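Order of writing sets the chain letters: A, B and C. Residues in each chain are counted from 1.
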Amino acid sequence: MNQPKKRERINDATPALNAPYLLWSLLFIVAPLAMVAVYAFLGQNNTFSLDVFRSLFATADGRRMWGKVFGDSLLYALAATVICLGLAFPLAHFMAAGRARAQRTMMMLIMVPMWMNFLICTYSWRTILETHGVINSFLSWLRLPGLKLLNTPGAVVLGMVYNYLPFMILPVYSVMSKLNPSLVEAAQDLGANRRAVLFRVTVPLSLPGVVSGIIMVFVPSVSTFYISQKLGGKGSLIGDAIEAQFMVPDYGKGAALSLILMAIILVCMMAMRRFSDGEEGSFIA
Amino acid sequence: MEKDIVIDLKNVSVAFDGEPVLKDLNLYIRNREFITLLGPSGCGKTTTLRIIAGFLEPDGGDVVFDGKSCLGLPPHKRPVNTIFQRYALFPHLNVAKNVAFGLKLMRLPKDEIEARVAEMLRLVSLKGFERRTVASLSGGQQQRVAIARALAIKPRVLLLDEPLGALDLKLRKDMQMELKNIQQQLGITFIYVTHDQEEALSMSDTIVVMDDGEIQQIGTPKDVYDEPKNAFVADFIGESNILDGVMLGDYLVRFAGMTFRCVDKGFERNEKVDVVVRPEDIVIVAPGAGVLQGVITSATFKGVHYEYIVDVQGFKWLIQSTELHKAEDLIGLHIKPDEIHVMKKSKYSDEVGDYSSYSDEFDELSNPNVEEDGEEE
Amino acid sequence: MKKQKGAFSAIYSALILLFLYAPMGVMVWFSFNASNSTATFAGFSLRWYGALLENPDAQNALRNTLVLALLAASVSVALGTAAALGIDRLRKHWVRALLLHITNLPLMNPEIVTGISMMLLFVFGAKLLHLDSPLGFGSLLIAHITFCLPYVILSVLPKLRQTDPHLAEAAQDLGCSRMQAFFKVVLPAISTGVVSAFLMAFTISLDDFVISNFTNGPSFQTLPLYIYSMTKKRVKPDMYALSSLIFVAIFVLLLLSNWAQARAEKRATKKEG
């Protein structure tokens, strides 16, 4: 029985473990993204062309319209991101300073809305903001004049802030809660007052959490289509445009708009990475 | 074939990514032997152990257990067990269940398992720790659990991969004694891997000095210390003054500008050699009374003895002596013929120098207690 | 001074919570509305909860969602755990970096892009294979597995890093085959990661609307898709009743897990002492 022995590492199952996932991710992550590019650049006779992009921006009207769509999307998303950061940072700071039990309870209370169906929660805001909704009923009970709240840009930003605020709170909190308390003491020891501690120690060290929070709020905000439709009246953001193209369906245009959206996000992220010195926090819920 | 050989490695070679780790290694291990693979980081000792355990298949050569090749045999079918560097205790099981792990796989009856677990925990002095979680144990206790777990299934051979590396000095010394006792008590073969030469010298029946994927010397601790085969072994084990010399003929060697009588023979006439003199074998005499004379450049009290660096015509010697001298003193050096050890020239000859850069700190740096992670993996 | 600060942070936290829970409050309140309006409250009634019991579409959608989430979570946990094991053992750094980058893609990409990209693939694939309707349960399941996978890998991988790399070898050394070593030793060691990966995948699949919206067909409807189709028209309080039930379920579940965690921690600290 002198068969030629297999000279492989007995324990090396690595390829067998990696192969299925590699195959899956190539087929269902990489290939679909390639398809987007293919459809966006597909010409009349199956050749590479820029026709789709050209048709979007051919006329002055088209340029104005798409300019507004992209501009509004960016503006709303930026506003939502800034507001989320403004609301989340103090909260995360307070939470991290609280007792363990209080921290855990707060975490839970913040996570419940995340698990809720975002469609129905967004729709509920209509009930609150409507002409005869909760807020306006309250105002008329106070004999104050009613406000137009629904179908305004403000309502869209509110919807974004509402839906994505937990995604800002959690990463910022998770970084802050792991900050070594002796760093704060060291800063105080070296003569920093509360303000200096906050801006020279806490804020810089929370930056990784802030960066991932910004990404997690900005990306879904800039690409949303439901919030703008339900709270903004008619959907007029880039997500709405993409959805509309795929419902027509005009795959080419939809794919081209998606590529532009990805490019915008990529540019924003690169700008931010530059700003945060390449530090990037990772957040896993 | 010699009798009573358990494991025989024949022409074993391994390369990782084209980088040879073991080069044509030949080694046999006798039954009931305490054998130590000794060498610096990356010398191939852990790789050798992993090949015996079956975690690694060699690229070439054969591994023979009791006269039968076991190439391709998975680890769980080999009559050997391993104590891992960081113990690899199962965190989800308590102490007793860790020890019982292998026994349960053997499907022994429950009462037998319980009896064996109790016996093993008694052996490693951990009686009463049965229900403790692994995480609640100290490093030394975890070490004992690992030993009990491996010994529970009565292996023919126990492989120990730097088992004491993570323990502090005092505990390490105690465990050395205990391991040696356990080995003698149970009469099983221990293959022990370490980079600590003192550990190797004090515990082993046989030491295998390795470097660069090759065996440099195999022998008893006394052989390896007294008769190092080359400059690497002389340098790695203990302290040595290693000088360039020339063999003038049988029993006659010239080094340090002088001719000495020695006990070595069988070299060619005028063959260049390395000469080893251990620091404790040099006798300090009055200036002019010895063959050599030099000036003490530093003197350090070491508790049992003094350690002197002595400059003899530019070569810095290390000398250990119980006599008190001061720095700057002029002294004579006397070396008896049987304290001079002559070795063939090797690739290590150029790497060893004198003690001009010697200091205690340097000594510690070159002898780290814990090897770096991922060595030889 | 300190007390003041504590009061301020408590009020601030309460205001944020009020904001986060306002729609839920409205939802629960109007689910008891006697009229079919979601704007004006006409009186207390349980009629919309009754209506749910007689709504086969909603029940069907709920069943579909649970089946889909269970399948997607199971497959993605199996595939993702294997992948995490593989990635953890990879020695070549660039292969590992490449795999992790691909894994991160669906997390970084907007959901709408992930959704339409998969839709395009399915449409294209159907054309290639001459299938009639590319979108349905199959495409939905593939899409859900795909967007669950990164979460599984990223929650199992850190657990693997924390475990002793020699655990599996130690088990094999003591008599386990490679499979036994995985199930008896490695899996228990990373079990918290695997369980949380499963729960995460399950809830993400349960809740997904955007990607499902582009990859499902008319033949198979999930709860989020059903709710979406309902909110296209003016919503009746029955949707609020449904969501209130979901809300209560989530709240109870999280409360339970929070309680279990607190108890486990308490026990752990007791043991240490």
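Remarks
As a convention for this text, contacts are C-beta pairs under 8 Å (C-beta built on N, C-alpha and C of every residue); 3 or more make two chains touch, one makes a residue touch a chain.
Source: prediction; values computed, not measured.
When each chain is reduced to the average of its Cα atoms, B sits farthest from chain A. Of all chains shown, C has the CA centroid lying nearest to the centroid of every protein CA atom.
Put simply, the C-alpha centre of chain A and that of chain C have 17 angstrom between them.
Note on chain placement: the centre of chain B and the centre of chain C lie 55 Å apart, centres being C-alpha means.
Spacing of chain A relative to chain B, judged by their CA centroids, is 58 angstrom. Each of the following residues of chain A touches two or more other chains: 11. Among all residues of chain B, those that touch two or more other chains are 54-55, 74-75. Within chain C, contacts with two or more other chains are made by residues 169, 178.
Against chain B, in their complex, chain C makes its touches with residues 163-164, 166-167, 169-178, 180, 184-185, 188-189, 191, 271-272. Interface residues of chain C facing chain A in the complex, by the touch rule stated above, are 9, 12-13, 16-17, 19-24, 26-27, 30, 38-40, 79-80, 82-83, 85-87, 89-90, 99, 102-103, 105-106, 108-114, 116-121, 123-124, 142-143, 145-146, 149, 151, 153-155, 158, 169, 178, 200, 203, 207, 209-210, 213-214, 223-224, 227-228, 231, 235, 239-240, 242-243, 246-247, 250-251, 254-255, 258, 261-262. The residues of chain B lying in touch with chain C in their complex are 53-55, 74-76, 80-82, 84-92, 101-102, 105-106, 133, 136, 149-150, 153. Of all residues in chain A, only 11, 13-18, 20-22, 24-26, 28-33, 35-36, 38-39, 87, 90-91, 94-95, 97-98, 101, 104-106, 108-113, 115-128, 130, 132-134, 162, 165-166, 215, 219-220, 222-223, 225-226, 230, 239, 242-243, 246, 251, 254-255, 258, 261-262, 265, 269, 282, 284-285 touch chain C in the complex they form.
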